[in-house]
Amino acid sequence: MSEAAKTPYKPPVNELGPGQTSYTSITDKISGVVFTKHTPIFWFVSFAIGFLLLHGLMIGAPYLLYEGTGIWGLNNPVGWGWAIINFVWWIGIGHAGTLISAVLLLFRQKWRTSINRAAEAMTIFAVLCAAQFPLLHTGRPWLAAYWLLPYPNSMAMWVNFRSPLIWDVFAVTTYLTVSLVFWYVGLVPDFASFRDRAKNRIAQVVYGFLSLGWRGSAFHWERYELASLILAGLSTPLVLSVHSVVSFDFATGIIPGWHTTIFPPYFVAGAIFAGFAMVLTLMIPLRRVYGLYDFITERHLNNMSKVMLASGLIVAYGYFMEIVIAQYSGSIWEMYMMRNRMGGPYGNYYWALILCNIAVPQLLWFRHFRLHPVWLWFICQFINVGMWLERFIIVVTSLHRDYLPSSWDMFHPTIWDAAIYIGTIGLFTILFFLFIRGFPMISIHEIRTLLKTGNHK
Amino acid sequence: MHHEEESPYHGVMAQFDNPDDLVAAAKATYAAGYRKLDAYSPLPVHGLADAIGYKRTRLPWLVFCMGLLGAIAGYSLCYWVSVIDYPMNIGGRPFHSGPSFIPVTFEVTILFSAMTAAFGMLIANGLPQPYHPVFNVENFARASSDLFFLCIEAEDEKFDLDETTRFLQSLNPQEVSHVEN
Amino acid sequence: MMPDINSRKQLELADVRDRISSESGQAYWRSLDELAQTDEFAQLVQREFPEQADELKDPVTRRNFLKLMGASFALGGLSGCTIQPGEKIVPQVRAPEDIIPGKPLFYATAYPQHGVGTGILVESHMGRPTKIEGNPLHPASRGGTSGVVQASILDLYDPDRSQTVKNGGRISTWSSFLDNFMHQLGLQGVKEGAGLRILTQTVTSPTQGALLAEIGKKYPKAQWHQYEAVNRDNYHAGSSLAYGRHVNAVYDFSKADLVLSLDSDFANSGPASARYARDFAAKRRVRDGQKAMNRLYVAESSPTATGSLADHRLALGGKAIEALALHIAQALGVSSQGVGQVDSGAPAKWVSALISDLKSHRGRSIVTAGDAASPGVHALVHAINAALGNVGQTVHLSDPIEVQPALHMDSLQTLVSAMDAGQVDLLVILGGNPVYDAPIDLNFADALAKVDTRVHLSLSENETSDQCHWHVPESHYLEAWGDLRSHDGLASIVQPLIEPLYKTKSALDFLAVMADKAGTPGLELVRQYWESQALDANFATYWRRALHDGVLPGTEAVKRTPKVVGAIQLADDFGQMPEEDVVELQLRPDPMVGDGRHANNGWLQETPRPITKLTWDNAALVSPATALRLRLQNERLAELRLGDNTLRVPVWIVPGQADNVVTLHLGFGRQRGGRVAEGSGFNAYLLSTAQQPNGGLGLQINPSFDQYPLACTQEHHSMEGRSLVRESSLEHYKSHPHFVHEGWYAHDPPDDLTLYNRTDHQYDGYAWGMIIDLGSCMGCNACSIACQAENNIPVVGKSQVLNGREMAWIRIDRYYKGELDDPGIVHQPVPCMQCENAPCEVVCPVAATVHSAEGLNDMVYNRCVGTRYCANNCPYKVRRFNFLLYTDKESESLKLQRNPDVTVRSRGVMEKCTYCVQRINMARIEAKTSGKDIADGQIVTACEQACPTESIVFGNINDPQSRVSRYKASELNYGILTDLNTRPRTTYLAGLKNPNPEITES
Amino acid sequence: MAQIFPRSANWASKASILTLLLVVASVLGVLLNINRIHFVNQVNVPLDQPVPFSHKHHVLGLGIDCRYCHVSVEKSAFAGIPPTETCMTCHSQIWTEAPILEPVRASYRDDTPIQWNRVHDLPDFVYFNHSIHVSKGIGCQTCHGQVDQMPLMWKANSLNMEWCIECHNDPAQFIRPRDQVFNMNYQPPADQESLGKRLVAEYEVETRQLTNCSICHR
């Protein structure tokens, strides 16, 4: 080793906190999270909780397959319940990841680099959780599993391409695949870093295997950046399309409260809203536990809060337009639906939704709340709950009283509705904590680029 | 790496501790007439590849074509199934319900092009390639964290072990080492 | 298991077809709580806003026996795959004549309803009876059937039927029973049967009568008692009062322009209800050019199906009805003794208008009273009909149709006192269940215990069998030979459709044993009897004809025209209105399970009652006002005390119920009698006494806060101002023939409204459609049960109904309109609308529901993966989902009932009405193989076939001559939710009422 | 630094990726066609029967018409399996002692049916009707194959839905004159296409309806 190597080169920097001054320190800090002898208690506790919750799914799903969807609270008017609510909820959460990594990349928002990796991971795990519900909620999953795919079969039967559920199948699978690939491509150079820092053989082999032998050649980097840019360009319309398609499940139906053209935009806005809330829900504690203050600075909290505030206002606009259009349409169905949402048996749910998704987020107008991690975290919890309620309102209150009053009925969820939902939260948690334990939770090579800036000769 | 037999060396490698020095060195080396070069860095360095003779890839075109193919494939699947193979009266809608076929078409388009972009890049980079001579260099482990390398490969016509080594030393790197095969 | 064919004559399918075909807004108020804006009232009806408290309950654990834990997963999977385990194929050894494998046959027989026959045709698949239809040639049916008759097929295959002779609860054999029984009879023979008693239900069977007579000769001192809890004692007493003798009254509604019903549900109860409903409805149907309607006045305590058809309906207590009857009688010059002037409390204008209406319809009117009305009322009704000159015109009197008319309560009491006195050594109980349904104060069980040998014959082991030494399983009427008289005395042969499933005996076999004719087959007994009657020179052909047609010509009861006795003697308290706040209890048979004999029939238990829409339970029905006054709440238990008997039952508030009258239905709370019967509802017999078998005045009610959930299939009773049921008065219709599409209703879009060209789908072949006449639908639910039988629809159980998961393919929506205390009641049957722009089809991802070239909304069960998206997207909510494995795949006997032409759905599959596509296909194939076209009326859907009022008509809407096309051409035709542009194939004829202007104009 | 992987890892890694793709592809291929495999469908697999009844002998050898035993084929959905007495009409006269016919005689004697193994077994949710096919000119042979060449009965076709649909889509390919329905050796003429079209029109076969779900599923 030469002398020079011992005193690392220090360029000026503005995206990072004062602590991060050199390539070395960045790499040490982030890989340190994985290559450490003592994993923080926090990790074990969270993982344990996640594993505990997971049992909801591990017990609930087999029982569901054995007994049938009747173990849920579904009934004749209300054919869709928590399963679909959770599906939409998870998909929505997933969107933030793609959004941060793709859209912000296109907009050259450099601050994204310190959160995009974790956000993308969140996307994938959220979509994995979401993907379970469309299958589990069918009456005969063992058939739905393959009958929903168009393939030449001995029945000469095909799927019905007019059904939004088929669009879902295509949208969700495409989304999952593309996100996975995008995520992995981003990981390759960092796996290389891990490979080269790993001490024990197994780690070396595993990370070496995952890094595909990446060696940071200039030619590789050139093509790599190009590909990342293209992927970002493709993911952006994709992410918008996915939640639009999900919203079609309702918008193409004729049920009052479903049959509305405003759904695609406000579902997407809602997804961003929910997604950022979930990113903060995860990053704020991690930031504290792993001392990532230099990577996730107040600037990040500030920016994300602003995004939430903005998307939250779009959502609020959506709610408002629903009311306006219902009255403006003069359709007795729509008008009753709106009356019933606000004053019907589920009225309290509706107002809780307004509180969580519209009232509370207004605090984000104040810099204090935007920058204060604890406050911010609790506001995010309101949003997480609120977004779930939004889907509950859309699915249940629209269905339980539609056209013929004779068929009106109430929806009563059961423990199994809850168990399976909680189970997916558990799944999400353990997947995420496994990720931060074994993978670089912040994109190292992208952070390095931050250092370099401002120093071009 | 089919030259192994001929030369015991893959090339000669110079080590730098920052991207700017590397880019400068790379430019100089290219100017000196070396062509079989490669440079290694822990982060994408702008202008580096161009400095050592990078040729534009046709990847974007490939992606576009595959995307187009995806679009055609998606729509024609819908059309063939719903209009030709087993037309059904579904809710009184026409057999050719164009608007309903758009979402599928769109998703397939994205899928095809995205896959092309990702795997095209890997293939173009010749990955996976777990073994490479440069890994033999002692400090190269830090090429993925904080060191920058410039390598003149033995395949270069101008390559001569001592000559080239001397040339690289002239670019005041932190260190110059021989890359065994 | 083929019955012996040679002795029978079956009908050819085509034969049956020909026969069947030849026969052939307003201010709707909001739901209870919204109506009564007072909070206190809102609390009464909390069903619409149930607390979310006890929501986290596991529906599965709450489910009852009806769910079979069996390998539901595997079974569910099977229906999807095409590779299945090897199957055996087993031909007969000797092919029975005139059976074509795979083709159903129809046989004529008769259903015993309280001992009185209703003619039916039974569909038989390879010797398995699967479905019951009305017999167009039979006077009590004319092709229609009641729901109860439809459901009787299920009793045959009831897994809970008793299958062997039992002695003191231990399995025994018929032969060892015979040894013992003959010995006992021998002992009786010595003492001329002094210790022998026979207890039967109502007997109209001539053959049985003959055997009983023989037994009577053999044992002169023996006595024959008859008892049924739901009997016609009051009617018989009444006719004795009026005519001094027993007479049987038969009504001819086809000649009546005015009908007054005093608490009589004539269209939906009693053995002739199907016929009466048919004739009555035909007279008020404004279609086929008919422009006149009959008029129906009803005064009843609790709303009934008949009451909901009324043009003028009064909710009156029992005493008020007596007073009303007396008032009318006096106005018509009927003389009576006992009481003078009384006031019924009915609006004077109403009564005077009614009386003048009656006077102007002499000879063209019918006044009828319900079986539970007091003898005095029946007597007055007789006298009124006589005074109006209806007798001989619309009311036909004849000798009684019973072999031996008897007052059942007296008969039972004498038996009980004899048993108490220890005079009875041998008691033979043929059918019935007195231990359960005898009045509580008779302590029948205790008396019974004093009898040395007690023999009980019954379909299944019930409360009475438990108290008897010997239980002999009884043959179902589809298993045994017999004969019955219908309401007008016309006799029918009861011929078996299948050899007895178990070792069972019919009442006829039993009596034969007692008459020393053991071993003589039922067929012989019946044939010998009728041969002896010498009704026709050539008995052989007469007999074959009788079996084929299902009636024995020339056996009608002889018509009589007796004179009314001078002055009718009425009870002292007759028509004396009770004090204010005195509550009356009325015990009435349940519209479905009757007196309890059908309590183990899952179809009937789960069929919503016509008005209350309750299933699986009975409840104390009270009027909103009374509920308010007594602080009673829906689904809260209240203690009823009448005399010194008490019973705790849940409360159900029924608009249209008379104030201060609590109606409680009998037939529930069975201790013994099958898995379905046991544990559903409350035993109302615990409140009946020998003096007041039908309840009485002075009921004490103590409300409590204990919850008891009631499984009601309709939670919301208001139409929310949506133009679903459209109706008007005859006058208004005449002045505004297009009212159905005017004003509030004027939002139906033009028919050609479309966004895309329809050229892809032309319905130029047959185009099936249906029309339902709301003017004559009374909500009896016969269609619903017929559909259940035809289409293998499973029973789901109370807890699933509570979850809103009932499976009825055709349900009847019931809405209230007008004032809370005196509401109008409208019914709307809702099957699948077979929309041409079906919203359900578009959203199915696997194309499991698509349109056929004939416009059917096909549902492919084996393709369905159960996303339930279609059900969500169906605005009519007619799709039903198998949330769990509802079909009983384990009880072998139930499998025999299933229609082989309809797929049995497994778990996780959506199902719905298909216009009985299996019948359509069969007809199409027959037509195509024979090169003919499908004639109008050749395809009859199950619901249409059963409907007693012919309110449902199905056919080809492309054929301008078909009935359905003609009715759809009427100005009254409209579709519901057409503003969604679903283009439904099922449409409705707006309902019309014919109110008396004197009453309506104020 | 030291190499983590040997040189060979380079080609090994690429090769393994290709292999994986191939494996996945072939597994899918097998799964998709599993129930097109004749053996899986028991096509061309003779089934053992309690009595080794030979259609070949009775149809080809003795020239007995299909309808002699399958009586209801023209009247009913079910073609009909002959009752024992049908066998006995001849076998009470001939082969009265043949041991292989003992089960038949036994069945007739003690009135216990013979339990044949079902050869053509459609799923319970498929409602096939023989009478309509026969009356519209679909030959026995078209579905059941050269029965007169079968010593023991076997399935000549998969009975998969795609196989049914093949004809329901375009019956003209298979339809034959009514009088040829029971002819086992009918050879479709060279101009089957035009003949088929003519017959479809003549027999009023509603081709538009044939692929409706409710035609076979209820």
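The first chain written gets the first letter, and so on, giving A, B, C and D; residue counts start at 1 in each chain.
Here is the rule we go by: contacts are C-beta pairs under 8 Å (C-beta built on N, C-alpha and C of every residue); 3 or more make two chains touch, one makes a residue touch a chain.
Please read these numbers as outputs of a predicted model, since none were measured by experiment.
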| item | value |
| --- | --- |
| Most widely separated chain from subunit B, with each centre as the mean of CA atoms | C |
| Chain pair with more C-beta contacts, C-D versus A-C | A-C |
| Separation of subunit B from subunit D, taking each centre as the mean of its C-alpha atoms, in whole Å | 58 |
| Distance from subunit D to subunit C - Cα centre to Cα centre, in angstrom | 47 |
| Distance between the centres, which are taken as Cα means, of subunit B and subunit A, whole angstrom | 30 |
| Interface hub residues of subunit C, defined as touching at least two other chains | 82, 839, 842, 844, 847, 850, 852-853, 863 |
| Subunit B, residues touching no fewer than two other chains | 86, 88, 90-91, 93, 128-131, 135, 139-141 |
| Set of subunit A residues in contact with two or more other chains | 154-160, 162, 164, 166, 195-196, 208, 212-213 |
| Subunit D partner contacts - residues on subunit C that touch it in the complex | 79, 82-84, 86-95, 100-103, 765, 850, 852-854, 856, 858, 860-863, 901-904, 914, 917-918, 920-921, 925, 928-929 |
| Residues of subunit D that touch subunit B when the two form their complex | 1-10, 13-14, 17, 165, 211 |
| Subunit D contact footprint on subunit B (complex, rising order) | 1, 86, 88, 128-131, 135-141 |
| Subunit A partner contacts - residues on subunit B that touch it in the complex | 15, 17-20, 26, 38-45, 48-49, 52, 54, 57, 59-60, 63, 77-78, 81-82, 85-86, 88, 90-91, 93, 97, 100-101, 103-104, 106-108, 110-111, 113-115, 117-118, 120-122, 124-125, 127-132, 134-135, 139-147, 174-175 |
| In the complex with subunit C, residue positions of subunit A that touch it | 65-71, 73-80, 137-144, 147-148, 154-155, 157-160, 162-166, 169, 249, 252-255, 332, 336, 345, 399, 401-410, 412-416, 418 |
